[in-house]
Each structure stands twice: as structure tokens, then as C-alpha cells.
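Naming follows writing order (A, B and C), and every chain is counted from residue 1.
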Amino acid sequence: MLRLEGVTKSFGGNKAVDSVSLVVPTGQMVGVIGRSGAGKSTLLRMINRLGDPTTGRILFGDTDVTALRGRPLRAWRARCAMIFQQFNLAGRLDVLTNVMMGRLSYVGTLPALLNLWSEHDRAIALSSLDQFDMAGLAAQRADTLSGGQQQRVAIARALVQEPDMILADEPIASLDPRNTRMVMDALQRINKQFGITVICNLHSLDTARAYCDRLIGMAQGRVVFDDVPQALTDEVARGLYGLDAGEIMDTAGTALPAPAAPYQPSLAVA
Amino acid sequence: MSKPAGKIRGLGEADRSEMRRRYPQAFRAPVVERCLSLAIVVGGAALAIYTLWRFGFSPAKFVDGLDKLGIVVVLMMPPDPGSQLWHYASALAETLAIAFLGTLGAAILALPMSMLAAKNVVANRILHFASRRFLDTIRGVDTLIWALIWINVVGLGPFAGILAIMTSDFGSFGKLFSEAIEASDRKPVDGVLSAGGSEVHSFRFGILPQVMPVLMSQVLYYFESNTRSATIIGIVGAGGIGLYLANEIAQAEWQRVAFIILMILVTVSVIDWVSSRLRLAMIGRRAGATA
Amino acid sequence: MAKTLAILPSAQLAPLADAYRAAMAVKRRWTIGGLVLLAVFTFLSAWAGQVDLVKFWAGLPRFASYFHDIVPRLRFETFAADMVEWFWNFDGWLALLWDTLLVAYVGTLAGALAGFVLCFLASANLTKSTPVRFIARRSLEFCRTFPEIVFALMFVYAFGFGPMPGVLAIAIHTAGALGKQFSEVVENVDMHPVEGLTASGANYVEAIRFGVVPQVLSNFVSYSLLRFEINVRGATVLGFVGAGGIGKELISSIRQFYYADVSAILVIIIGTVFLIDWLTEMLRHRLLGIVGDAR
């Protein structure tokens, strides 16, 4: 169970995240929605401890995540795998080495630095890639792959971390519809099959409604909505995105003039 | 088409003032900038003339010197090493050795230093400032001066030349490398860190693969340039062809001088050619190698 | 293991692992080949360069003590007097340093002007005649290949001792270096303005003046300032061969073991180089803005 207690992050005088308190039970698939700049990304990065909260605590079970340093911190980061909008792979390294990055906290520093990995780690990484039909590309340089393929590599990296939780920061914002579907299906499968908590920042309301058990809406760093997707009415959504009553939401979460096609819920549920 | 042309030709004073009223910036704006450019040009020229006066430049002396230079060029023909060919060849090999080892050593030593001087690796402002100034100080001293200092340590000969090039390039590489590291993309670093990697891991897998091709290409570029510098380092006794060059000039053995110059030209073009090939090959094909 | 995935059965895994290993083996062979080549060259160079680590190790304390020796003792009580004694010839050195700066300045100026003229002749997009381009490029290459001190040696012979041969030497080397950089800039200009001017009747020089120069001027100025920075460093050692400036004083103090003088001159040189670097950088930022607006 993940618990956030009054988590705040200030940059200068700006509060990017403003006293957020949440409880996420294990196994939930949570979508975090809101305009860009609402603090979603900062929130996720703080849970992974890529950024430190200014005040407040993050707890996982009995562990105070915010107090971790050194090796325990690295172990924590491995437990809450992170997936990024821009994939954040090392483009010049091959695919398998990129996936191996997920094993870094399990192996000794020196062999890792020399890029020497055990057969066992290599088998895990290949199996993980194989889940996404990517094992054949293991020796390719990561920057030669398409965006969708790179995101699959990133998810494979997340899986070999053997995480308790996956944090996905706009995982589909740089992808086309087909790959969007692929990536979201994969996250959902990981969530349902292995009971791993998934917290996913999303731009698209449709996708959020279709895939998530619970939606958290953020505006100006604060949580302004926290409920099941069915409770997210158009009116609430408009408030979240700061739109006028005449405007409605399209699939990407941006405003369209009123006469556009009427809103239709997505049928993408697997 | 003749009609508008005719109208332009017939532009009278009235039209002109009308134009000036309508488009003031087309007539007025350049004045300030013109004055500034003029001031720069006049000031620059004045400084140059003052310099020539200070240095006692006179056209007669200049022509006289050119005349002498012309005679020298005639005396150079045909280039001929005399009995010294073998000495020249081995001195040239020494020159290449100085350039090669000097560049390589400087690059190896500069890599750790550049991490210290890169903001995104070591986030300590004092350390960053100190290491940058340290590198600047080293760069501020010319290679030849370093050669003189190293001669005190290891005596005359090419080893002092190697150490001199190593020292002065250590300063340059330290600066260039740290700039390349600072320009690297942050995202792969986040990727490695988020997966549980340490700071060292994030440098090894997040930054190093990105910057390696850039660094390699800079090293090769400096190797090219160092083959040129290494040709003169012998002037102060730090090995290589420079000693012979200076001696033959001092003894007015112009045919030999010409031969040495030709040797250097050929060697430098060969090195340039090989190095540019290597640079292309490295960046193009092999840069992704993980070792 | 694995809460998140099952390892593939070895029948499925083996071919994948083998394929990866085979692909890596190719890369590894390249890497090892490169490293072996590097090692061979290193050993050859170490042999040719008379690298002697024992001598190096033995001499290393001398390197440290050299810096210790050349820095005079400055006591707190008599700090001002010590400084005066250290920089006893400050005015004389400053005058020589001024010479050095002027050598660098006029050399850079003359070289930049020569490079400016030659760069258009060396650019493939402006000069269609292959022989002209060939000659322009080869002469730039010749000027660039030799460090200025080689030219200085010859010019000292022809023009006599003094700063003038230094100026000429720097000018020639600078013409070569800048001419090449300039021509690379010129080859990357947008050719549409040139075509437009040629179409409206401009000749070669006019087309360059109004079609090319406005596009490249800011880059040229920036490169010239950078080269000035380099030339200031280069000019400090021209005195080694009798071509004027502070270098003559430096080498004679080093040779005659006037330790305090060596450090004093080095301090002055390094300070000046810092100052010049800082000034040119500022100027480059400022001038680039102005020149940019003037287009």
C-alpha cells in the first residue's frame, strides 16, 4: 500500500505539487489526469524519488520512502519501476543492455560497469523482451527503433526490475493510436495478471476512463478529484481542464469548439 | 512594366520627403549602426597603424625583406635532404609519437577531470568553479612553455615534448569534454536512476555512450592539430623534427629546409586523411559498441 | 522468480541468446581490434618518443619543486614590498606584453582580411573554376599547416629580429586557418539572395557584397575573435625565436634560472590571457547581436 502524506514540492515560490495526500491500495490501476503543468509528472517523479518532496512523507507499507538514502533508495527505485513519455533509453546502447538497466540494483557495481551480466539476468531480460515480441531486436541500437518499439523496451526494462508498482509518466503521449493501445493493454495486463499497482499519468480522458479503476484529477498541484471513472462527469472534467461550459473534451483532452462531434466513450476496454 | 519603372525614375523631392515620412526607419535607423560600425573600423585601423609605427614598419624594409625571402625561395630549389634523410625520417617519427602519445595521455587524464568540471555530474559549485579555473590556467600557458618546464624534469628529448602536449591538451580536453558532458541529454540518466542504478551507473550507461563519439572526434581533431604543433616543439629541445628545422634555418641550408617542409606537408596531409576517415567511421558505424 | 514474468523455456531462449551473442561478437571484434591497434601504436610511440617512466618518476618531485621554487616567498608583514620585489620589472614586462598583444592584433587583422578574400575563391558554391579553387585551397592549407613559429623562424631571417616577422607569421597562419573556416561558412549560405542579385545584374563582387557577406559577417567576426584569443597565446612564445614580445624575456629567465622572474611573467601572461578570453567572449556575444540586427 502506498500512502502520501501532505506531499508538497516547491520550485522557488511555485508549488508544483501542493499538499497531496493519497492512499493507493496494492493492485489498483490509477490514472492521474489534469492539464500539463498540473503537477502530475512531479508527483510521479517524487514517488520514484527522482525528485525529493519539499515537505510531506511518502510511505510504502511501513517504509518511509522519503527517508531512504544510498542502497535502500536504489532498491526502492527498482521496486517502483518508472516509464517515461520519452522512453528515456540510452539510445546508443543496444536493446538488451537497456533492459539490463532494470537489473542494476540486483548486481554488483563492478561487473555492471564493465557490462558483464550473468546468464540468469540475460535470460530474464530476453524473456521480458519476448513478451512484447522484441527479443529478436535485442542486439539493435535502441535509437534505431520506432517510438512504440522503444516504449516496449522501456516496459520490458520495468518488468525485469521485478517491481511492486509501476509509475507511468505520460507513457502514450508520444505514440500513435495503435501503439497507444499496445502500451495501455500491456500495463493493464501487468496490473490484472500480477496484481501490480500501476499509477499512470494520462492526457487522454478516454484512455483514462477505459483502463483505470480509479482516477485522480489534479489542478495547480492539488488533488481536486479522486473517484471511480464513472464519477467523472463532463462537468467535472471541464472544471479540471479549465474549460467553459460550451467547450467539450476530445480524446486528447484538449478543447474543441462546441459544434464538433459529440463525446463518445471509447470502446477500447479489453 | 514600363509604367512603375518610369514612376520610380521620376521620383521628385516631394515624393522623397513623403517616403521619408512614411518609412522613417528606412532612412534613419541605420545611422546609429553605421556610426558604430564606422567607429569600430576607424578605431581598428588606427590601432593597426599605431602598431606599425610602434614596430618601426617601413615599406622599404618590408620590400627588402620580401626580396630576401624571394632569394630564399629560389635557394630552396630543388629540395634536398643532403645526407640527413635518415635523421629527418626518424625525427619525423618522433614528432608523430609526440603527437600521438601526448593526445592520448591528455584524453585519458582529462576524462575524470572533465566529470569534476561538469555541472550535471558533480553538482558542487565550488568544485566546478575551481576545476574550470584550473583548466583555464593550464590552457593559458603555451605548449612551448610547458615544454621548457618539462625539460627541467625529464631532460631534453621527445619525452618532454609528449608531456608538454599532454599538459596543455589536458586543459583543452578538460574544458571541451566537460562541455560535451553538460550538453548531454538528461533523459537516459533519469531512466537508469529510476530503474535503481547508482550515480556511477547513470554516468556509465546514461552519459558516456552519448558523449563518447563526440569526445572521440574531438580527440582525433586534436591529434591532427598536434601533429602540426609537434613539428615545432623541437625548437626548445623537446624532440621531433623542429630541432632540425630550426638548425637548418639558422645555418641557411635552404634546400634541406625545403625538404623538411615538404616532409611535414606530406605527413600532415596523410594524418589528416586517415583521421577524417576514422572520425567518419567511428561516428557512423561503431559508435554504438558497448565496450 | 519474478512476480512479473516467467523465464522462457530454454528451447525458446537458447536461439535468442545465441543470436544476441553472435551480434555482440561482431561489435566486440571491432572493439578488440581497435584496442589492439591502439596498444600497438602506443608502444611504438613510447619507444620512438623515448618514454622513460623511471626518469619521469624520479623527476616528478622536480616538477612540483619547480613550481615551488619559482614562486617567491611572500610574507604577510612585508607583503607590499615582496610584491614590488617580485614584479620589479613590471613596467618593462607590461610594455613587452603590449607588443605581444599588438602582434596578435595586427596579425589576426591582416590574416582575417587575407582569409576573407581567399575564402570566396575557395568556396565551391561561389567559384566554379576548378583551378582557381584548387590553388586557393592549397595555399590556405599551406598557410595553415605550419605553426606560426615556423614562419617566424624564416621571417626573422628575412626581416631581422623584432615584432614585424611575428606579425607576418601570425598573419599567414591566421589567413590559412580562418580562410578555411570562412569558406566552410560561405559554402553553407543560402544561395537564393546571390541568385536574385545575379539575376538583377550584379557582378561577382556585388553579389558577394550584398548576397553573401550579410549572411556570414557575424560568423566571420566570431571566428576572428576566437582566433585572436588563440593568437594571443601563440604570440607569447614568438619571442622564443626572436620575433618580438614577452617571449624573449620569458625564455631568457627560464634558461638563466631567474625563478622569480619566470613566475612573475607567467602570472602576467596567464592574467592577460584570462582577460582577453573574457573580453572576446563578451564582445562576441555583444557584437553578434549588433551585427545580427544590422542585417
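Operating definition for what follows: a residue touches a chain if its C-beta (ideal position, glycine included) is under 8 Å from a C-beta of that chain, and two chains touch if they have at least 3 such contacts.
Predicted, not measured: the structure shown is a model, and the values here were computed from it.
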item	value
Chain pair whose interface holds the most contacting C-beta pairs	B-C
Centroid comparison with chain B (C-alpha atoms), farthest chain	A
Computed distance of Cα centres, chain C from chain B, in Å	3
Whole-Å gap separating chain A and chain C, where each centre is the average of the chain's CA atoms	48
Multi-chain contact sites of chain C, meaning residues that touch two or more partners	24
Of all residues in chain A, the ones touching two or more other chains	94
Per-residue overlap in chain B, given as positions that touch at least 2 other chains	288, 290-291
Partner chain A, residues of chain C touching it in the complex	1-8, 12-13, 16-17, 19-20, 23-24
Residues of chain B touching chain A in the complex	187-188, 190-198, 200-201, 204-206, 209-210, 212-213, 287-288, 290-291
List of chain C residues in touch with chain B within their complex	24, 27-28, 30-31, 34, 38, 41-42, 44-52, 55-56, 59-60, 62-63, 66, 99, 102-103, 105-106, 109, 141-142, 145-147, 149-150, 153-155, 157-160, 162-164, 167, 233-234, 236-237, 240-241, 244, 250-251, 254, 266, 269-270, 273-274, 277, 290, 293-294
For the chain B and chain C complex, residues of the former touching the latter	30, 33, 36-37, 44, 47-48, 51-52, 54-57, 61-62, 65-66, 68-69, 72, 90, 93-94, 96-98, 100-101, 104, 136-137, 139-142, 144-145, 148-150, 152-155, 157-159, 161-163, 228-229, 231-232, 235-236, 239, 245-246, 249, 252, 257, 261, 264-265, 268-269, 286, 288-291
For the chain A and chain B complex, residues of the former touching the latter	48, 50, 74-78, 81-82, 84, 86-94, 97, 101-102, 104-105, 109, 112-113, 115, 141, 154, 157-158, 161
